[in-house]
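You will see two complexes here that share chain A, one where it goes with chain B and one where it goes with chain C.
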Partner chain A sequence: MKQIGRFYLIAVLMFLYTPILVMMAMGFNASPLYELPFTFSTRWYEALLGNRQLLTAGMNSIIIAVITSVVATTLGTMASVALSRRTFRGKNLLQVLLLPPIAIPWLITGTAMLIFFYWSGIGRGMHALLIGHVALAIPYVVLVVGTGFRTIRADLEEAAMSLGSTPIHAFFSVTLPLLYPSILGAALFAFAVSLDQFVISYFLATPGYTTLPVQIYSAIRKGFTPEINAISTLLLLGSMAAILIFARFAKPGDTSDKR
Partner chain B sequence: MTNVKVKSVAKTYGAVPVLTDISTEFTEGSFTSLLGPSGSGKTTLLRIIAGFINPDQGAVLIGNNDVTHVPVWGRNIGMMFQSYALFPHMTIAQNVSFGLERRGIKGEAARKEVDRALEMVRLPGFGDRTPKQLSGGQQQRVALARAIVIKPSVLLLDEPLSALDRRLRQEMQVELLRIQRASGLTTIFVTHDQEEALTLSDKVAILDRGRIVQIGAPETVYEKPLTRFAAEFLGDSNFLTGKVEDGAVRLADGTVIHACERLPGNGADVTLAVRPEKMSVATGDTTDNRITARINTVIYAGPVLSYILETADGLPLKLFSQNRDGHVLREGQAVTLNWSREHTVAVAN
Partner chain C sequence: MQNNQLTVASVRGLEGPRSRRQLPSWVATTALLMPTYGWLTLAVFLPLLTMLVFSFMSATPMGNAPIVFTLKQYRAFIDQPYLVRIGLTSLMIGFWTTLFCAVLGFLAAVALARSALGKAREVLLILILLPFWTNGLVRVFSWTMVLRENGFLDSILHMVAPDSGSIGFLYTRYAIVVGLVHGYLPYMILTCYIALVTIDDAIIEAAASLGARWWTILFRILVPMAAPGLISGAVLIFIPVIGSFMEPRILGGRVGVTMGTVIEDQFTQAFNWPLGASLSFTLLAVVLAIFATFSGVLRRGTTA
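Our next item is the complex of A and B:
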């Protein structure tokens, strides 16, 4: 039984990682047509350094993702506080309305945004991309931070207030530190949603301002070179590093509650 | 060390009245229990005194200051919660000094206060641990230390012992009483555990559907309940109903029962309450009241034997007797119970 379990685990990991590993390896293969035998070379990384378009798009992607992450996490956390700790009219409706955007196909959201932005004069470009990405990321943040809130008892803030804290001080000294792993997780989630985003970005990008996924897509259509593997590898390593840092500091799953 | 006064406080949630015109005073240094079933409003009253809930009307006074419109954080209260509510991301010392810091006491002065408070709850040297490393009882002591270290005007306890197991709870009761006596803090304690209320309090207030139906010393409230609810909720009671006749009460079957004071006029309907342990099986002719009943069930509970009986009229009765010689009475046996008139109290329905 144990053997079968182990085999299954390895199979799953291979299924997940083989394509990625092949992609990474091909970035170091000299052949522009992904031909074997494998000849180690860093020529695609060197070529990448000269590829203004890909580098700019990559930079744009990261900038958009960082801003999206910061803005969406702030707004989403604030929404979560209201939804978890306050009572107000229309709260249930709001709570329900926050979830469907996660399930609505991006193609539909993207089309809707394009039409709305065109009609309202917002237009396309970096600002449009930011608005779109933030709107897309907020429901994820609310979901993740809201789950975090459920693990924090409301009477902790009451205890702080009984000891002389104003509600604001109670929030910043008690709730926020306890919520911090969830907020960090939500920020990473928002970052990933933005970095990954193709459909909406494709609609809202302009020829002068584009993100990496959109740039890669148009490059592929023209016939692509392993430079794309190179930049994908760099991006992947960056994301993995972020996840590992998160896992190191937030210690998810640390529930060693001795009673 | 302060008086706490509540004046005609009322609170309604939607159309449901939770508290109706509550007025009472908690005297300096006293230990008062608010006792009642869930939904009686006891927790709401405590939270109004704490400042977490605004009353619809009425006033709360702490030491003659009207604090009705002062928020929680300005009231200088010490509070203990059912779930301990220790801050899990802080050490024990940080937890205890939290309130001191809010009062501008820092550094060496704060450390001394924290050490003293931890010593008081018998957890010296626990300052560097985290709440997770402590047992439930220890966490509760820390919560108490955190509440008293700020020298609050009043100590408010919201069922703080209900999460502990029986033995630990009894231990904490003793501890709580010792610390309350030592600190001289006016203490208000919410509980639904009648034994706890009797053991700890100088005064017990019994709440029923948003009203204080009786408040007094535990002995008074137990021995002389004013209402049927008070007699039933605090301890067990037998109830006998009849009509007043020449200063006594005639039951439906003709039995005449003598009661202590407070009987209404001739012909009035009245309910009498008698504690089951005040009754005993008749041996002589010396006591004031007697009634004959048949034993339906005998319950063996260790130190106490309890009997469930029924009179010929179908009136249910309970009898508690000390387990001195084991079972003497058998099920199905008819016995005559007697008791003294001073243990017979007229109660309002």
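Our next item is the complex of A and C:
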């Protein structure tokens, strides 16, 4: 029985990884039409170096992901402090209001943003993308940091305050260092959410300012070469690295070493 | 000098708690919450409200043309019967994707919870979840490499049977479902796994020692006890799937016309924003109805 279970898990992993590995391998195949037999070549990665459009879009994606990560982590952590440590009326409602950006299909959120930003004069482009990405990342930050809050004791901060520390000082010198792994994890998470975001970006990007996924999508629809495989490989490896580091820092479910 | 610092420190020490009392706590709470909820209002709530207003307009407002409010966009399903067919296609794709995810994912979760131990289990779980947090678009794109004519699938087949034709099925509804199952399977494995690890081993051992066969254990113990995980997984998969548009576009080609692609078209091709808005809100109504129906299970699922 256990043997069958293991075989089955391997089959599931094969299903999950085969297309990704095939896609990555094709980025190293010389044929522009993905023809076999496989001939190893780095020509598509070299071509990538000369592809202004894709490189610019990639740069835009990284810049937006970094800004999104910083802003969303700051705002989300502040909100998490209030939601985790303070009691006030309407708290449940506020917690429910964090769900729409996560739960409503992005197609709906994205088109709604397009309509509103157009109608209100905010327009599209980098600033619009930032507004959208931060909004999508904030709920995740609040959830991740909130989980971190649950693992540290509130009375440590109270002890500091009863010894004469101001609430702000107590927060920065006691709570924040304990919360640091969760906050770092949330920041990486927000980075990955922004880096991988396609649907919202698709509706808010302009021809002059796009992100990498939007550029990849239009390339897929217009006819593509293995250059797309090359850049896609880099994108996947980037977000996989971010998530693995996140798993290292946030250690979901592990509460043993933080008290 | 040193004395001075001491005095300052002691004064601050005394003032600390007092200044805390001077500032009402609701001010601090509001200051902490304001940025987040202000941002969400600007980026999510106001847009949804604006879209609701747009869905009652007769045409996309342009220039000085007067804005006329109407209910006709919501009658689209009656006026344009092909939309009903497309809606059903979306629901069917959602149904099959969710079903495959439920069966494959539940079994994977059982295997993970029962036949892998310790470190291996942790590594397997991370490996299963890792693709989920990578770019969905790229993963869909990677299926075109496998499913197209003379793609990876055909290469494998030709290694076994060199003379056979192509079994690549890119640009069919099956391809869409395969791509979507690939995208959302880790979700189901995770929700089922969380539900399954809470089951006490003793229950299963007791059943087995009393002579229960594996299917009895599976259907009388594991499935009912993991039901909250199965249901939350199904809800969390079905909802994004019926709103998907890039998977049908890339893997479905010409047959990939779904609710999602029709809505996308209204905003990127047809420039009929009011119709797009009303279709989006119809979809949102379906989503909210599903959430309302299963809210009890979902809440238990997230706290467990």
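The working rule: the second predicted complex is superposed on the first by the 236 of 259 C-alpha atoms of A that agree within 3 Å, B and C clash if a C-alpha of one lies under 4 Å from a C-alpha of the other, contacts with A are read in each partner's own complex, and residues count from 1 in each chain.
We adopt the following convention: contacts are C-beta pairs under 8 Å (C-beta built on N, C-alpha and C of every residue); 3 or more make two chains touch, one makes a residue touch a chain.
The shown structure was predicted, so the numbers you read here are calculated from the model rather than taken from an experiment.
Undergrad: Does the superposition put A:134 against chain B (first), chain C (second), both, or neither?
TA: A:134: touches chain C, not chain B.
Undergrad: Touching A:153 in the superposition: chain B (first), chain C (second), both, neither?
TA: It touches chain B, and chain C stays clear.
Undergrad: Quick one: is A:177 in contact with chain B, with chain C, with both, or with neither? Answer first, second, both or neither.
TA: It touches chain B, and chain C stays clear.
Undergrad: With the two structures laid over each other on chain A, which partner does A:239 touch: chain B (first), chain C (second), both, or neither?
TA: Only chain C is touched by A:239; chain B is not.
Undergrad: With the two complexes superposed on chain A, say which partner A:13 touches: chain B (first), chain C (second), both, or neither.
TA: Second partner only, chain C.
Undergrad: Taking the superposition on A as described, I'd like to know which of chain B and chain C A:161 touches: first, second, both or neither.
TA: A:161: touches chain B and chain C.
Undergrad: Does chain C touch more residues of chain A than chain B does, or is it the other way round?
TA: So, of the two partners, C touches more residues of chain A.
Undergrad: Of the residues on chain A, which ones does chain B touch that chain C also touches?
TA: 161, 164-166, 169
Undergrad: How about chain B: which of its residues touch chain A in the complex?
TA: Answer in residue numbers: 50, 52, 71-73, 76-79, 81-83, 85-89, 98-99, 102-103, 132-136, 146-147, 150, 156.
Undergrad: Of all residues in chain C, which touch chain A in the complex?
TA: Answer in residue numbers: 12-14, 16-17, 19-20, 25-26, 28-29, 32-33, 35-37, 39-40, 42-48, 50-51, 54, 61, 104, 107-108, 110-112, 114-116, 124, 126-128, 130-131, 133-139, 141-146, 150-152, 155, 182, 185-186, 189, 214, 239-240, 242-246, 249-250, 260, 263-264, 267-268, 273, 276-277, 280, 283-284, 287, 291.
Undergrad: List the residues on chain A that touch chain C in their complex, please.
TA: 1-6, 8-9, 12-13, 15-20, 22-23, 26, 34-36, 74-76, 78-79, 81-83, 86, 88, 94, 97-98, 100-101, 103-109, 111-117, 119-120, 131-132, 134-135, 138, 142, 161, 164-167, 169, 192, 195-196, 198-199, 203, 213, 216-217, 220-221, 228-229, 232, 235-236, 239-240, 243-244, 247
Undergrad: Quick check on the complex: what are the chain A residues that touch chain B?
TA: These residues of chain A touch chain B: 153, 155-156, 158-166, 169, 173-174, 177-178, 256-259.
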